[in-house]
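Before anything else, here is the set of structures, which you'll find just below.
Two complexes are shown next, each including chain A; its partner changes from chain B in the first to chain C in the second.
Here is the complex of A and B:
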């Protein structure tokens, strides 16, 4: 730097340095996760896929604001303000809002990418569990004092009677379970300006059902895959690290599970748990949780294989020996030192896994073994063909398209992630 | 003033299931290995690949996977406190062993490129090593990590803590490894060929660094290497290993001045000399490179016996103290007069409480 003052007789040893007058700045270290995510997001296919998934997430979280028979905000004739939408919010709705906000906060706080991802998953799952079945277990009553009897057409009626001064309605003013009994026979109406996607077999609005069904699809996809991941990573990790008889037993378990076709397993499990089963006396577990568990319990074999293969390779690595030398315990070595290095291909597989979990849910619901009281894409699809044999194209097309696009989007993201991880493909 | 040894390896025999020709039998990787390490000294363990030098070091930390490995016999006595009785590391539970690893005995490896976990920053890894053994807050741990990096001569330690291993060069990574190993101030450092993967100038720096840190932190070093130049410059005491056995044990001056075992002589003869032109370098003759392939009971190929009447290998050979500071694997038919001056109660193990005086460079 001070070379300007001394006459340049002999150049100093070492690399030539050019002083461009700007302060030197060392490039900030980037973790593997952030590099991979950056490369993934750079691909057009993945961008489109991500856009669709983000749209789905927004629809799923804000479904009560988008499609609801209850006005978002209204003033009654005497001028008191109220929000019937808020009064009718379910714990799951509130939980999703909370998780969404928490997710945003975590995403935009300075943490490493991998920790952020972990926190998002943790906060989301935690809120769902606490607000949902957890609250009911502790307090014996739902978190929000929701009226026991939901009358969907009461506000339409009072609006017609002039009991309401003004009201802000949701863009689609029908709840998915609103069968529009005040409108006469609304079953299987073709798409029109009142019902953008027509109505389904029970007379409810298709568009509203589609939006609320996005929640089911995403929740089943994410949670079932998380269950599979936890089981698969634990079993595969133990097999790969301990080798020997642990590996032998685990391999046999994998073979037994992979010998049975998944659809057959799903059907067996689903038939085994009809309706809302009571796991503990007085605690009815909603069917959707049972569905998640069933799909999760049947889908872990692939992850276990992947993790086993990765761990077999990683256990020979010097940094694993080095961690052991430093006095780290076996769980710490397995999950802190090995897992982050071997988890990338498993996460790619998981994005395909979410797609297949969504398909599995649609499949079960289509066969009438899945959700009965809540609209899901598969369940809507099953209404496309009526008992009399008539085919209603709009009831088939929209859910079919939604399933197709979601599975496609997830596969595009998975594909891009796989390429981003593969050192042979990456730049 | 004699101090008790810090570490005593006594009659250690470790075996693995044999592969290849001898399948079904067990290959003895370390055969009745025994020696002592005194506080603050550097013991170099020399030998070629497969001679059992790494196995005996890994055994100290119990890093040998059992199975397939097996500790057939022996004791590893560890005496972190000179006033207390030593305890056998081989009979500790896994949980107790974890408290020794990294805390009292640390280890650094050959490959600095792969010894650091690529997904964590340098800071994460050093603080983790610290917090495994010391009850400190994460802020304090970062402080310890920073001073550890400064100790090993890394500039701008605060910035480096936030960097990932792939951003550092090989020499830097080995420095980080050393910083990690020394963060808990261990009494003994096992250095398994710490400079093999580095180029010669960096090698010299790292060895210099190790020597300085050893002085400052009062720790003993077990230096595993096959580089006799490294031994000559750094060791106080040398153990030469061949086919799982210690064939010669002596102070560094004694060993280089008067090597007795044919294998040691062969090793020393095969060192290239600067400025000397040789068409072929002398090599160590041997029957086989892998212990699996040696005939039963033979630890040294028979034809390298030099002195009539003295057998340096085979079952009958024992490690005898042939001089005050010199042990040799041989049978005593004739040839050597053992000066086995060992008194009753004195440690039967080869071991010298000796540190050479370092000439300031």
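Here is the complex of A and C:
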């Protein structure tokens, strides 16, 4: 299809030239992804949803700066400056900060959307690995590690004693795990000026718990969905490309996994692998990764269906045949040629997938199968009705609203994206 | 048609084997393993007793056999065709087992085994719990369909107007509201003594319900609400929780489908020959728009079954969901496997029924 062969009928590709030889002004070519994102962001619902998600991301990234018992900066009685907040930072915190900075930088670069994403994730993960296990490997201990014994009330006590000259505290001066033991019984206090959202069943500050829980919700939602996507796209892609007995076997597998209600499977997995299970002798996997894996492993069926249907259509396309003739390997055909053309509807589904992963995490935590030492919205919600039947409205409303708004935001974005890639609606 | 049904029923078998296999091997490979809590050395059992109990479990359920043998044995027990005691099995005799009991290969009654935790036959436990879950679902399904159909038709008829936009937004919000939150808030505000105590917080009937008459009546002690009304009163909150989430999907589908029908040629013909708007909508467009709703019924039933899992837990309704959650907590192998089998069977059967209804409703669809 060279344009030079038939110059009279088909104009050459590229900037159209008029007689004076200068290219006319045309909008720069936009990728499909950026067109879809533009159309999505034009919807009011999606705008509101995006605003909420951005707020959540800010809270998740800067949680240690917003809600922390450890002062951001303080001067002890002899005048030495120190930052207990920095001392208690974890590699995960540093990774999130770095990813956030990378995200801001990348926003102003002309890279494609997938490369931008890759850069953000790469910087975040890289920082996490360097300051955590990497530093440990070279120097013997990680650069950032929280002391084994975290005492939250020491600052309040030493400030009262006069051991601290001055201190700059976080806006919410309580960590989520700070049970406020120095203040007596602080369990289930109603919202007040000291505790804006009240306190939870263990006596910790609700507002702080809510902010730190945003992190868990987003992390579980994003990573579990990525796991599902990888599994679903691989299985669905293979089924759609090879057809025949691969498809037959795969279809039975899909049938099996869709016959069991997802919640049932989720519960079975979570209850049978409680706490930090040792999957290999001596290697205990932290609960949060177990949760991500469980939710990811149970949620891939929908994506596999989508990709299979899409690939069944694509496999008869000319460009696939030509890639095959040119000698491309099967992974190259599947992932370099077919996937970019069939991935849009799957990515739209993924936005609903994040919502359901967040719901799944909340549900498991609500039943007491989630994280034990960190607050999550579902776990907070489970404290709203006490065993004696008392109801604490603030413990029910704030986490519930947070889950609701997050799920609603993701659903709104998903609906807008679905309409944006639908040629019937878009035009 | 009969051919097709038989083939589909036979295809259920490998799927159900797969379902129970997944659940079985997850259980068997988990730390602690099957029956973990029953076998753990709890405070009041001395280690000697624990050893005796473990021996007993091993002997009775074969927990010390290889996993695949254990699964095979379970499968043989629940399958209606297989090896069994010659007295209870109609088929060919095939020798004796280790204890000298004559065995036969043929048809027998499936045996779901006995629960570790309750020491009762699993079948009995599910026979008690299943009707309760089915009751919840049977009350929920018609309500969600009627409301969703009306909302969908109305929104399609007034496309782009205030009702359409408002109902779309409301239904999406309802769909996004997590059921654990709605359940807790409903109990907290409508069923606790701190706020309004309009409904009972848990259970399916009042303490004295079995002494009530069936219908409301006036007795010597005054007005008595009767068993039926009492049950309905207990069902209000659980059913509200189950219903609200399914509106959005169904109503959206109905709206799209009515819009498609309203744009078709036969509707234009009907309008052209002078029928009223109502006639066109209800007699011509409406029935043709119902088809997609039949197909989603299939996907709604399994999700309703799963939904009742959460709701039964929140409202302490002693149905299949609560039984299953407790069984999973206690690692009660027989109960968990039977639960997977029963809910898998119900889900698959509902898909089959939906497919058949589809052929029934649309003469163009044929499975021959």
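By our rule, the second predicted complex is superposed on the first by the 371 of 427 C-alpha atoms of A that agree within 3 Å, B and C clash if a C-alpha of one lies under 4 Å from a C-alpha of the other, contacts with A are read in each partner's own complex, and residues count from 1 in each chain.
Heads up, the rule we're going with is that a residue touches a chain if its C-beta (ideal position, glycine included) is under 8 Å from a C-beta of that chain, and two chains touch if they have at least 3 such contacts.
Here the structure is a predicted model, which is why all the values come from computation and not from measurement.
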So, on chain A, is it clash or fit between chain B and chain C? fit
Quick one: classify A:367 as touching chain B (first), chain C (second), both or neither. second
Once aligned on A, the angle formed at the Cα centre of chain A by those of chain B and chain C, in degrees rounded to the nearest 10, is 90
Tell me which partner A:328 touches in the superposition: chain B (first), chain C (second), both or neither. first
Please work out whether A:244 is in contact with chain B alone, chain C alone, both, or neither, and reply first, second, both or neither. first
One more residue to check, A:384. First (chain B), second (chain C), both or neither? second
Between chain B (first) and chain C (second), which does A:340 come into contact with in this model arrangement: first, second, both, or neither? first
What is the contact status of A:166 with respect to chain B (first) and chain C (second): first, second, both, or neither? neither
After the superposition on A, what does A:319 contact: first (chain B), second (chain C), both or neither? first
Winner by number of chain A residues touched, once chain B and chain C are compared: C
Smallest separation in Å between any Cα of chain B and any Cα of chain C in the superposed model? 17
Just which bits of chain A does chain B share with chain C as contact spots? none
What part of chain A is in contact with chain B in the complex they form? 26, 28-33, 114, 244, 317-319, 321-329, 336-337, 340-341
What does chain B use to touch chain A in their complex? 61, 63, 67, 98-103, 106-107, 109-111, 114-121, 128-129, 132-133, 159, 162-164, 167, 177, 180-181
Within their complex, chain C touches chain A through residues 14-16, 18-19, 22-23, 26-27, 30-32, 169, 172-173, 175-178, 180-182, 184-185, 187-189, 192-195, 201, 302-303, 305-306, 309-310, 313, 324-325, 328-329, 331, 336, 339-340, 343-344, 347-348
How about chain A: which of its residues touch chain C in the complex? 45, 252-253, 255-265, 267-269, 271-273, 277-278, 355, 359, 362-363, 366-367, 378, 381-382, 384-385, 389-391, 393, 396-397, 399-401, 403-404, 407-408, 411-412, 415
